[in-house]
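This is the structure I have questions about; it appears just below.
All chains are identified by letter, namely A, B, C and D, in their written order; residue positions are counted from 1 within each chain.
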């Protein structure tokens, strides 16, 4: 009984710490800037949807005219970059993770480490040379070029997390399938991948989040046409003031796609592998 | 008993080419696609050995290790090293403990826990740069809800990121808020993936909970903890967004971590050579630390999966 | 005629030679049981045969054709795993159908065969379940069914009864030979349980130190173990090993001094006079008497354990050597409570003689 | 747009109609304020086109701009159709948030990319970009009548601003001196003075401060409860140094550098410098924002606009922006400020948003076409009267009756503040390429003083020593 109570109290504290700021941002997104900038802060305000209206319609009415807000475009860019990089990383990383998990081969660990080590390089280190080469190669300001660079973020993550999950699948299950007369490829596709799916889902979601949250690559390697939400949200900070309400609304909108993805992946995320029962 | 054709030569068993090739066919595409990054990396290494300030194009010159030597002679550099390592240690340590604790709280599958485990990812979904902006507002002495709540419980004028005494605490707090969910996700999945038998056996034998945790759960979870810790460490030692948005490395030099040092050198001071040297040192440290973790990880894996 | 041949197979991991120049021939339809202690290389041997591992040297042939270069999917070898290795994301039906799907059979044919097997193994009522919903016994049968679905040239059974409870194990031990006969399979059966080895094999191969130490019929292994180690592996309670040196008695017969008494040995012992031996006597070859008798030694009864249908008695001779004896519970001598002094008659005619130095049996 | 509307505005431009009458007639035609402003400027555009200069010289080309998300940019974009119509050119622009804008500029130009013809820059940045070879000297275009319209009137741009954006590239040589290259053209600027909350001042019976001591006293007096007396920026950034701090620093006669034997030598630790810095830190400790070291432009402005601070000593336009759409809108007052009682006049340091011509542009003439339009009288007038292109860089705009009327109506006291400050307004930093190293370190030093980690004297001495060392390392001084 006491254990249960302690557990409940701890969970409540955890929820408070992690969710209160989100809740507050949600409130701010329906406040005017004047309501937000009140001292002391107050919960008494008239909710407004004008922040969202401005973001979604792309029209921001100010005293000096109507300004264009490119936030929806930023959102689309983020989606293209996030989905594109994660898909490419899965395509490249899942087979590689499988190779590292299942085979011991010459240089195998070296290749695995090299791939991980691309994550060691601070982005700033390669950024300026990268920009130079991108311009030479015509990759500047292209989704293709950015998705390639994003592999530095997403690929090592997917590779190493998925590798761990592959290693936890009983080899016997795959052997059994091979012995049934199925080719190596069929075994990989119909046994290994379905069984590692929770791990792949978790890794893909995390990689997507990291890609989504990046902004230095797109900022330097692209024009404003390809900028993601992370850069877009900063546009509400101008010399004439920070529009916190719009940033909050932008933040809420930027979380929505990831949240949908997380809910979609939730079945796998919270499921774990559950292979214990057949592992022997 | 054994009917062998003795005249038959003993064949030397050889593995087919396909067998030998397969792991390379699987792993090399990812390497080939990303290996290109070595080119800009090499260029950056070259920069780090140049006197290269964009504002002094005429003074550009190859100086071997000149940038590194001047770096090591600069007390600011040693401060940076110390701050970065401390920051990393605090973030990774606190977040591993907290993340593990939360994962343990949520490991039982109930409707509530399922909902919570998705909701708790929310902070991770907010870009750190923007999250920091929100935290800065929430800790603002005039409009900040957190500052206000603190006054309600009697803590007046808590300085948050603005004082050298509390700045580190504040950025670690934000970092913890943003990144603990990362650890929670991985460890929660790891916990749920553990085989059930050892636990059932321990329960039958009436083994005390603490013993089960330290002798069964923790060792079995170790590969997941190491993976989560590794990526968290890579992220933390290269932290930029949060610290820059909250304090720009201040107050004073309190939070001058590597990436801020390098960022200022490159983008504000246009000193590309020095920036590259700082980042190369950061790269080397990251490399060393990761190597340690990975060695440990591989050893665990060896032990866990045996030889055959 | 050899149907399935393993020819001087070797496999090392690093410096440790796990399979060392191992050879074996199996006739078509024969069941060979591979028996050995844990860590003897059984698993590696199975993996070499199934093609999951590649040997360093040696060959494997089925019907004269080498399969050593083939992948697991082309070897026509099936295997039932100790841990069942069922596909957790497929139903029992799909698990069993898997080899048939690989052979691209028509759906109707697949369904017919799966149901036939399921009926034979009495799991037809759980075909729609996933492995998670199956009991261990049902998992085991599903796994067996899968390995039989497309009748393989060679069927490997890797200790399939290890992870099921006693009742099912007993049932299966009776049932398995029937099923295997039905499918006329050539079977390679790995087990750590000597009773299973005795019950199921046409022949038993005793594997340790990387190679077969003895291959013989179950009775042959039991009755004529090549070494002390093999003798010990077979039999429960284990064989008694009593140190002794035969001497010639006055009448020209070889005598053994055991438990302070001189016992007359069989004629074969005469050639061993003067050698240091270990005399192996199985517990069932020792008769416990309540009265002194000709050729019986006086011993103390230390403990008596009624083990189901057999009673096991721990005896101690004058020198303090422990001797185990067993007999059917019904034939147990009437022992009154508290009685310690009994006599034991050793059937030296069935005794095994091992050289004390080499621990090998002297023929 | 109908011919009738066009006629109406043309009539206004040729002074046939007064402004009020124009507004009445426009209202009858159903035009609101902003639309009317745009149309007014369309009329100005037609007037431009009527001149002798060939605005269509680059018809069909596309000018590419790199811009900061800023009210100046917003004003320009609102008026861009007129430029397109005037020149037959197209304009594409990349707008990046201010937070990351200069990173983008540095990256784009350091890679010698030809993708932008012109870009926004601060005057201080030109001290890096100019010597780096990323900017063209626009004197070449200004002096060429075939490339610059006769109506452009370069001399109408405020002389201090023209000088502040021109430099020879020799560290320590005066801005706008002989041999100076015009690295950029001023577009909009801010100077530093006092913006205050009139409501609070009235309630406390306080008038705007006269000098530093007065400021300290009044700031202390106005500090009570949730309100603090004086706002200023305080992050570890050059932005902390250049507004109020350097303006006051200069007013007390202190300098960042002196030139000795042709060598730059750090001089911020002069007695005057120490004296002012001492007062500055003391004032902030006593009556400044509590989290001063995290205060940027935005926090300083927010606090004033929301009534959390009683005044700021910072950019005048920061106070300007806070007088609209905020809680304290309409309550903000403005005052020129000379901290040193012995000073003749205020000496506000300035920040100048300017437009520069990229050295890597393949069509600099087209780029210049845009710059001269954007900094020309017509657009800057439009920007100042109809949008927030303030402070205007042209004298004629300051003299513009509409602009003056607008300021008087919505920003009382602003114009007077400007008029009292303007003569002494210019960049007071010594131009040298290590400007950002110096000022960032300076800010870090002030933060340490504020936290009492180091005394003011010690801090400035250490700073001077470190700066001298860096100058030597960079080969700027011996």
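A few points about this structure:
The rule is short, and it goes like this: a contact is a pair of C-beta atoms (placed from the backbone, for glycine too) under 8 Å apart; a residue touches a chain by one contact, two chains touch by 3 or more.
Not measured: the values here are computed from a predicted model.
Of all chains, the one whose mean C-alpha position sits at the greatest distance from that of subunit B is C. Contact tally for A-D versus A-B: the pair with more C-beta pairs in contact is A-B. Rounded to a whole number, the gap between the C-alpha centres of subunit A and subunit D is 39 angstrom. In this assembly, the C-alpha centroid of subunit B lies 53 Å from the C-alpha centroid of subunit C. Each chain gets a centre from the mean of its Cα atoms; for subunit C and subunit D, those two points are 93 Å apart. Annotation: 15 Å between the Cα-based centres of subunit A and subunit B. Counting partner chains per residue, subunit A shows two or more touched chains at residues 37-40, 128, 132, 184, 215, 234, 237, 274-275, 277, 279. Residue positions 47, 71 of subunit C are each in touch with at least two other chains. Multi-chain contact residues of subunit B (touching two or more other chains): 142-143, 266, 272.
Against subunit A, in their complex, subunit B makes its touches with residues 20, 22-24, 26-31, 33-34, 36-37, 39-41, 43-44, 47, 101-102, 105-106, 109, 113-114, 116-131, 133-135, 137-138, 142-145, 148, 151, 177, 180-182, 185-186, 188-197, 223-224, 227, 230-231, 234, 238, 240, 258-259, 262-263, 266, 272, 275-276, 279-280, 282-283, 286-287, 290-291, 294, 298, 301, 305.
On the subunit A side of its complex with subunit B, the touching residues are 7, 10-11, 14-15, 17-19, 21-22, 24-25, 36-41, 88, 92-93, 95-96, 98-100, 102-103, 105, 108-109, 111-126, 128-130, 132-133, 148, 151-152, 155, 157, 159-161, 164-165, 167-168, 184, 198-199, 202, 205-206, 209, 212-213, 215, 229-230, 233-234, 237, 244, 247-248, 250-251, 254-255, 258-259, 262-263, 266, 269-277, 279.
Put simply, subunit D touches subunit B in their complex at residues 102-103, 106-107, 110, 127-129, 131-133, 226, 235-238, 289-294, 299, 302-303, 306, 308, 433-434, 436-437, 440, 443-445, 447-448, 450-451, 453, 473-475.
Subunit A meets subunit C in the complex at residues 170-173, 175-184, 186, 191, 194-195, 274-275, 277-280. Interface of subunit A with subunit D (complex): residues 33-34, 37-40, 62-65, 67-68, 127-128, 131-132, 135, 140, 215, 219-220, 223-225, 227, 231, 234-235, 237-242.
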